[in-house]
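For reference, the structure discussed in these notes is given below.
Chains: A, B, C, D, E, F, G and H, in written order; residue numbering restarts at 1 for each.
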């Protein structure tokens, strides 16, 4: 294990996706998971994207989170170049309410999977939680932090319920 | 690590989903990943479903694949009871062409993620490949088998292309 | 009959659904139907949710109204643990305009029904009216109050029409 | 209570819906709930439809199940003329896969509710189960039969699961 | 012919539809077509709605325009009680962007037609133009006014184009 | 009035639409409404289509029914060249289940209306009934035949209902 | 070659589409491609539209970009009258989020193609880039400018990525 | 110009797309346009795909047609590596009726366009016709063949119409 390296690589198709992905970064920070963030495009910088994806494993990354809008090919193109697990976050684009990016990720044909989360910030936060669940398979301390996070979430909601 | 235990638990809402999930079982077998298969329902057998999910980690499972059709709550209910990574496979139900089960899985609200794959057999095969990618983080031999599987897939397609 | 107990239990997946459900509470109040409101989650507090659902009948409740957004599993999970009638109110979530929560409720597979109303406030008001219709089967005074409410609604609309 | 009368009235827009509604009739028969079946149309026989709806309460009916396809107005028109609870079953019509009948039922505007079930046979069976849940509020023997039915369903699924 | 009577009856399910229908009223006024406007509901005032529809022909009306949102049954219920041509204008409701009201009108089953126009104000204006086209079959002066209106529209657009 | 001329012109984009439009032709024949049928395309024979549309009024036609699939521009192009009422019948094309042809007709922008009926044969039959309702404004004998047709339809359904 | 003439003709159904098409004009200007802009309607000015389309080739145009909203027939009607390549830009109309205009363009039946781009401004910019790619087949200097534009785009994104 | 080289490159994600693309090959053959066909995948053989795309211009190709189903990234990945015009043909995949592949192509973000045709065979034939229109800009003989093809199509339809 490479504890210096980022364990999660977050890649997005445009700087405008940064706001959506803030929800993922907060969760990763709360769980003590080092990560790096890159703006790369499946179409405008395909070689850089594929090089980054190809090197991710060797650089010690364990999970990749990729977000994009519209015809959202970024997670699929990244997944084509790595055997690391790739998670996709559809971003609401300029029209059609996110259905386009959702289907462009989740309907990956047989052979190269993208584990897809919900459209937008909820999906970004959940991508980070799923990354933690995956990393937890190898790193017991991450699993315990995730367990504690989940327990805190449960308690907060129960408190809300009682206050009602 | 518990090498006797199944590493992947496959759960489905109805025996009629078995055909769809055959595509997942074939891939897991090809990659040497032991797995168990259960028919359980989020609505008709909620306690058994939740008990199975809760015990999965202790029994040595590393990833869960859950498939269902219609208002497909099974992956979400399983995910509520485990910190293992949960992958969802939407099955085409009796109407609406699978859009209902897809949205019922992928749009999980913030806090409990389900990594969702494509509707039907393509998604089932990809769930197995993503499970292998996840397990590969801890088990190098699985990662290498996945890498080899991906390479064979690449070569077969290239051969097809040349034959054209 | 237990006239002290709430006759209707309203449960929602998040405090942010309170505004939508205000439309249900107003109608129940207007019809003299005591009710309780709880914030519970199918995924973050599954045991509390199921315990609440399981105890509802014994506590004298007669109908349950459950509201949620996104992959809206709450009504289905509640329905799994009670033989009381369960009504679902889809809430517009963070994307896809409510189609996700609608399909996640209405497409319940055979065996455990959720009677689903319209997306949002119209559906919340109607869930209360349908609860009144159900309770009216046993409590004639509720049926008469509902009849009078419907009559008033009719007259108000007719007056509007004349004013045109 | 009028034990001679049908407790449930099933109404459908066309004889071709009979096959779909067979699933409802089987469940009602299994639960010992007397019912009547009528073919009536919101558009072709509006007076007969409204007269039937208006008389349903006086004739001892406790719940109405209405099924139709396409622009499926039947449940709404029936609900306009009764304070009994009305449940809707969308039928797959001649195009658009049932989305048209689903939205034509579930999106009822504020004031006159239709509790809508899933498209097709699953929805028809569930309408009967929800009718039983409603009737069970007044008739304890129906509630117990429903509880037993649910329990049998649970056991059958568990047995399936073990056989796997 | 009854030149005193309104030739077009406009009916809407809610006063909130008045703004949408303003586009129809302007076109009718511009074409010199007398009309009346009523707020009536297929569900809350079914008898008044049906009585109005039934009397329309005898009162000299020649075309009916009906607008509603959500599960928009008003045009269908009106069409059930008259042999006059009925035109439907789907109004964007409280969710789903008007797809619900569009399908609730246009997918009328065989036997009772509703000629459906576009969602919202464009559809309202076009309903008035189609009503004029229909009335023009009997009243040559309306046809000529419509022809002139169309010609003016053509010229205005051509002028715009030249100015570009 | 020109009683020799066809009163209704039916135009379709492809001979393969003939089967769908058979439902319209049967209704027109049953109501004694002379009609002509043409295969013309908005894209492949635009001049012939527009010439036919432009001459329709002078040839004595009173209503036009236009049917097409896919990006169904035929009714709109015909409507651009006539002040006669134009009715559209969306045909299920080669994909997307008729949603494409429905939206291509019904969403006509302000200025040139197409009164759109349901997708497929139900819509074709209803286009003929709406044409009869329109023609009935000028020809009382057609109105009476339509009234009788509607009455027979009502009686047949009532008989079906009794037989149940 | 006619270097004085506009090489690209941009046509739109309404002046309100000008803002969307600004994105196309900027790209064409940046690539040194002369173009003309016209407001023409498939329905309100069909003869002028068809005349413009028919003359485009003779006037030296090499590609046509057509944009419209709702039932967007403009690109199809233009394509019917020219053998030049026609590109379509769906504009978000007054409802349904652009799905109507998208399907009205892209689903053109066999025989007369419209190469369709994304809904809105992204599609407008891409229509200009695709026009440049087409023109570049004959004009090497345009191809080189496009290559340079693509290269600059790549470098800008890479710089953004580094700054992260 | 390189008259030996294929002028059109057809690439598809799977051999199963060959049947759909037969419609394109027939049109290209009829118009005397040499083409080559390759099976390549954006995900399984990304390097080979990108190498083929990158070399296409140098090998004398003038237009690329790319077809795929599901999350159809192939046309976008090809377009990322060439300044030739790229046309996309969505293929109906294993679920969702082609809406997934359509949106995955047409909604390409700003910067790298894919001119998208209709789903399935109609789109394949039209891609070939649009390719011919593009090639015709440089090769007058192709433009004339396309003009003649269009004229024949027009005459055949007119003959059909007369035979009616």
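The working rule: a residue touches a chain if its C-beta (ideal position, glycine included) is under 8 Å from a C-beta of that chain, and two chains touch if they have at least 3 such contacts.
All values reported here derive from a predicted model rather than from experimental measurement.
Listed by label, the chains touching chain F and chain G alike are E, H. Repeated interface, listed pairs A-B, F-G or A-G, reference E-G: A-G, with more than half of the contact pairs matching by residue number.
For the pair chain B and chain F, the distance between mean C-alpha positions equals 50 Å.
Annotation: 35 Å between the Cα-based centres of chain A and chain C. Taking the mean of the C-alpha atoms as each chain's centre, chain B and chain G sit 44 Å apart. Chain contacts: chain B has residues 41, 44, 70-71, 93, 95-97, 99, 106-109, 111-112, 114, 118-119, 121-122, 150, 153 touching two or more partner chains.
By the touch criterion stated above, chain G contacts chain F in their complex at residues 13-14, 41-44, 46, 50, 68-71, 73, 76-77, 79-81, 93, 95-96, 99-101, 103-109, 111-112, 114. Interface of chain D with chain B (complex): residues 92, 97-99, 118-122, 150, 153-154, 157-158, 160-161, 164.
Here chain C touches chain A in the complex through residues 15, 37-41, 44-45, 48, 70-71, 93-97, going by the rule given at the top. The part of chain D that touches chain C in the complex is made up of residues 23, 62-63, 83-87, 102, 106-119, 121-122, 125-127, 129-130, 133-138, 143, 146-147, 150, 153.
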